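Look at the two complexes coming up: chain A is in both, with chain B in one and chain C in the other.
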Partner chain A sequence: VTKCGLLRHRPAGGGGGAFWVDSQQKRYVPVKGDHVIGIVTAKTGDLFKVDVGGSELASLSYLAFEGATKRNRPNVQVGDLIYGQFLVANKDMEPELVCIDSSGRASGMGVIGQDGFLFKVTLGLIRKLLAPKCEIIEELSQLYPFELVLGMNGRIWVKAKTVQQTLIIVNILEACEYMTAEQRKQALAKVSGN
Partner chain B sequence: FMQRSLDSQTKKQLEEEEKKIISEEHWYLDLPDLKEKESFIIEERSFMPCEDLLYGRMSFKGFNPEIERLMVQMNSKSKKEEVEVDDKMEADVSDEEMARRYETLVGTIGKKFLKKRDQRVLQDEDEDENSNTRPSKAKKMFLKPQD
Partner chain C sequence: MKETPLSNCERRFLLRAVQERKRLDGRQCYDYRNVRISFGTDYGCCIVELGKTRVLGQVSCELVPPKPNRATEGILFFNLELSPMAAPAFEPGRQSELLVKLNRLIERCLRNSKCIDTESLCVVAGEKVWQIRVDLHVLNHDGNITDAASIAGIVALCHFRRPDVSVQGEEITVYTPEERDPVPLSIHHMPICVSFAFFQQGTYLLVDPSEREERVMDGLLVIAMNKHNEICTIQSSGGIMLLMDQVLRCSKISAVKVAEITELIQKALENDQKVRKEGGKFGFAESIPNQKITAFKMEGAAVDTTDVEEQAEEIITKADPPSEVFTQPILHTAGTAQIGEGIENAWGDLEESEREETADEEGETDAPAFEWEKIKMEDTSGTKETEKDEPIVLSDSEEEEVVILEPQAPSRKTRTQATLKQENTSKKTFNKKRKKKRVAH
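And now, the complex of A and B:
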């Protein structure tokens, strides 16, 4: 597999050093351990089929939620949004999602609540937003209270108090891929002035 | 006469011959063992360890307090300074209330484990505001039958 992009290097920190290729792409390839947002498309017996934006639908067992037993089924319907991580993800097998971490707690995973807005961006933007000190996120958080879920598959879910605020955040996030820092600050100033 | 043992002997000989033939047929490298250089390179497909990415769920300005707590937890796994902050988090119930609750709690749960006699005694004590110690003592102590 060949990839084009910038080669990045992190010198030896806690572990050894790391090299990776920083490329831009929209298509997501499931990777084990990645947290993603998925849409439930089908409910077959004990299994949910979840669309994560990859080449295949991922499967999600109904027991993979916190506090779920055979009698106590999780409340998941077709069309729900799920935030989970990949248990198995290689090119030979169908990927599997779970909404529970290795110690058995949910830690924020599971069905994402009602309302809110889901949209798709490139994977590079997600990585930028998830970087330890992200200016975009810091500036947005100064505006008004809102909630944000970022999936490594390029999907972002936003929820704010009013529909207008939600849409403003969505537009800023989508546009800040191609804006410079100054343009972004101008846009935010306009918004906060309103 | 001696046929079985002969057979076993010939069998053994045959086995030995076979082993010799097999071991000669085995290919082996005369080269010295190459050291495994690849133990230092680990292939990782995910981006998470590369750039130290944060947790994906975030909430700002108190929109979702549970997620804000999670954010502190998750992000403190990388920075251990924040673990101290968690200890000072405001408790839902203040310390005084907890002490008061415990006082009453000990009493109520203690009653559960009392024997029947003591339970009745307690009831009588609760009924009479001025607890008379005499009847309780009388019940506990053994009364000698009067002649």
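And now, the complex of A and C:
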């Protein structure tokens, strides 16, 4: 596999030394352990078919939720949003999603709430937003409270109190792709200067 | 490839947003996205961008025997193609319902309206006539392919030049472009399609739906009109019941929209004509701004920001700034350089217009909204001119961006009680400033 991008380096230390290539793309390829947002497309027997933006639909067992048993099924409908992680993801097999971690706890995964809005951005932006100290998220949180779920497949789910506020966040996040830090600060100053 | 399913979440949100009269990109209910027309080096080739939706139109001609029952008329052939380039859901070689619908609509709009004089395409009655072929390729699908395709079709036809022909007795001479200048087609009028998306059994109406909005709409009404207020085609799909006054209202709206778009088309055609006559550079390569590998560009999107907690107070509109990331100074002319030009001006003017706030009723938004749109249209076509005149494409791309940004800002109208109208005057002075700047180059 060849990828084009910037070569990054983290020196050997607390986190361990690493070299990696920072590439930019929009199309997601499932990777084991990635947390993604999926859309349920079908419910067949004891399996859900979830679209994660890859070449195949991922499968999600109904038992892969916290506290789910054969009698106690999770309340998942077609069209719902799921936040889960990949248990199996390679090019030879259909990817599998689960909504619990290795110890059996949900830790934030599962069905995402009813309101809010889902939109798509590039994978590079997601990685930037997920970095430990992300300025964008900090600055946005100064504006007003909102809920945010970032999927490694490029999907972001946002929920704020009103439609208007949600739309503002959506537009800012989409534009963060192209804005420098100053431009972003200016934009946020405009919004919060109401 | 299968289309990404629409989640319940998105659907609910979009419907709620429509009920509150908000659109994802900050437009008003009756606003069109930015229309940009660019021409290729050949006559009859154009690309129309309606927001992110792009359609390429190409016209070609051929001498053929006419149809037996129409011996003195030329032949018009329309073809619209949806390739997977436009959207992953479009599969090649498959006749989908959407494709058939779009093709039929374009045919009805352009052929049945008799906008092209087919009699003038006749060379020798019964033996040789011109067959004009219009190919429309959808390059990107972001909603409302109908409108973009109809604009591309009519613009390509207006732009096209067919070879000159002379008939002496039995001899037909077809002149090459070198021998005699090619001749334009004889076009009576320009029909343009305007699409209306309906939600909630016709309660809410949006003009120029984007792709997301198209997914959740109940029904679609397409009205093709020309600037003389003649309806060429009208089609309602989706099975919604529309009241008479709704249809009449839509036709009034489309009359205004068509007038603006026709004006824009005229300007674009004139500019292109001028550039070709003056021997300047023309073609797609000139109209696409230079993209540096490290620079990302996005059109300034206008998003209405209302502080929800203070609904009765002031409302300030916000626009995403243009995003040219230039790390080195840009030379406009020898001796003047700037970094990040567009940003400063746009912000400065926005603040100006904010200070001059006046309360305004939301009632009849039509008149002022369209006036702004006109200015917006003017500016977009004005920048086309600049691009072709000057070899420095870099600064032009910024200007183009900034010019679009400014009119967008005022045309946004907020929807709560105390709405503000951005002063037209402030915007006009800004535009005059811009125009002066261009002249100074």
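In this text, the second predicted complex is superposed on the first by the 191 of 194 C-alpha atoms of A that agree within 3 Å, B and C clash if a C-alpha of one lies under 4 Å from a C-alpha of the other, contacts with A are read in each partner's own complex, and residues count from 1 in each chain.
Here is the rule we go by: a contact is a pair of C-beta atoms (placed from the backbone, for glycine too) under 8 Å apart; a residue touches a chain by one contact, two chains touch by 3 or more.
Quick caveat: nothing in here was measured; it's all calculated off a predicted structure.
Enquirer: After the chain A overlay, clash or fit between chain B and chain C?
Expert: After superposition on chain A, which the two structures share, chain B sits beside chain C with no clash.
Enquirer: Look at A:179 in the shared chain and tell me whether it touches chain B only, chain C only, both, or neither; answer first, second, both or neither.
Expert: second
Enquirer: Based on the superposed arrangement, let me know which partner A:151 touches: chain B (first), chain C (second), both, or neither?
Expert: So A:151 only meets chain B here.
Enquirer: Could you look at A:77 and tell me whether it touches chain B, chain C, both or neither (first, second, both, neither)?
Expert: second
Enquirer: Quick one: classify A:25 as touching chain B (first), chain C (second), both or neither.
Expert: A:25 contacts neither chain B nor chain C.
Enquirer: Could you say whether A:191 touches chain B, chain C, both of them, or neither, answering first, second, both or neither?
Expert: In the superposition, A:191 touches chain C alone.
Enquirer: How wide is the angle at the Cα centre of chain A, looking out to the Cα centres of chain B and chain C, in steps of 10 degrees?
Expert: 170
Enquirer: Report the closest approach of chain B and chain C over their C-alpha atoms in the superposed model, as a whole number of Å.
Expert: When the complexes share the chain A frame, the smallest chain B-chain C C-alpha distance is 16 Å.
Enquirer: Let me check the overlay on chain A: which residues of chain A are in contact with chain B and also with chain C?
Expert: 161
Enquirer: With touch defined as at the start, can you tell me which chain C residues reach chain A in the complex?
Expert: Residue list for chain C touching chain A: 4-13, 16-17, 20, 22, 24-26, 296-298, 301, 303-308, 310, 314-316, 318-321, 323, 325, 343, 347, 350.
Enquirer: Can you check the complex and tell me which residues of chain B touch chain A?
Expert: Residue list for chain B touching chain A: 40, 44-64, 66-67, 70, 73-74.
Enquirer: List the residues on chain A that touch chain C in their complex, please.
Expert: It comes out as residues 39, 41, 51, 53, 77, 79-81, 112, 114-118, 157, 161-168, 170-172, 174-175, 177-180, 183, 186-187, 190-191, 193-194.
Enquirer: Where on chain A does chain B make contact in their complex?
Expert: These residues of chain A touch chain B: 8, 10, 15-16, 18, 20, 29, 31-35, 83, 107-108, 127, 130-132, 137, 140-141, 144-152, 159-161.
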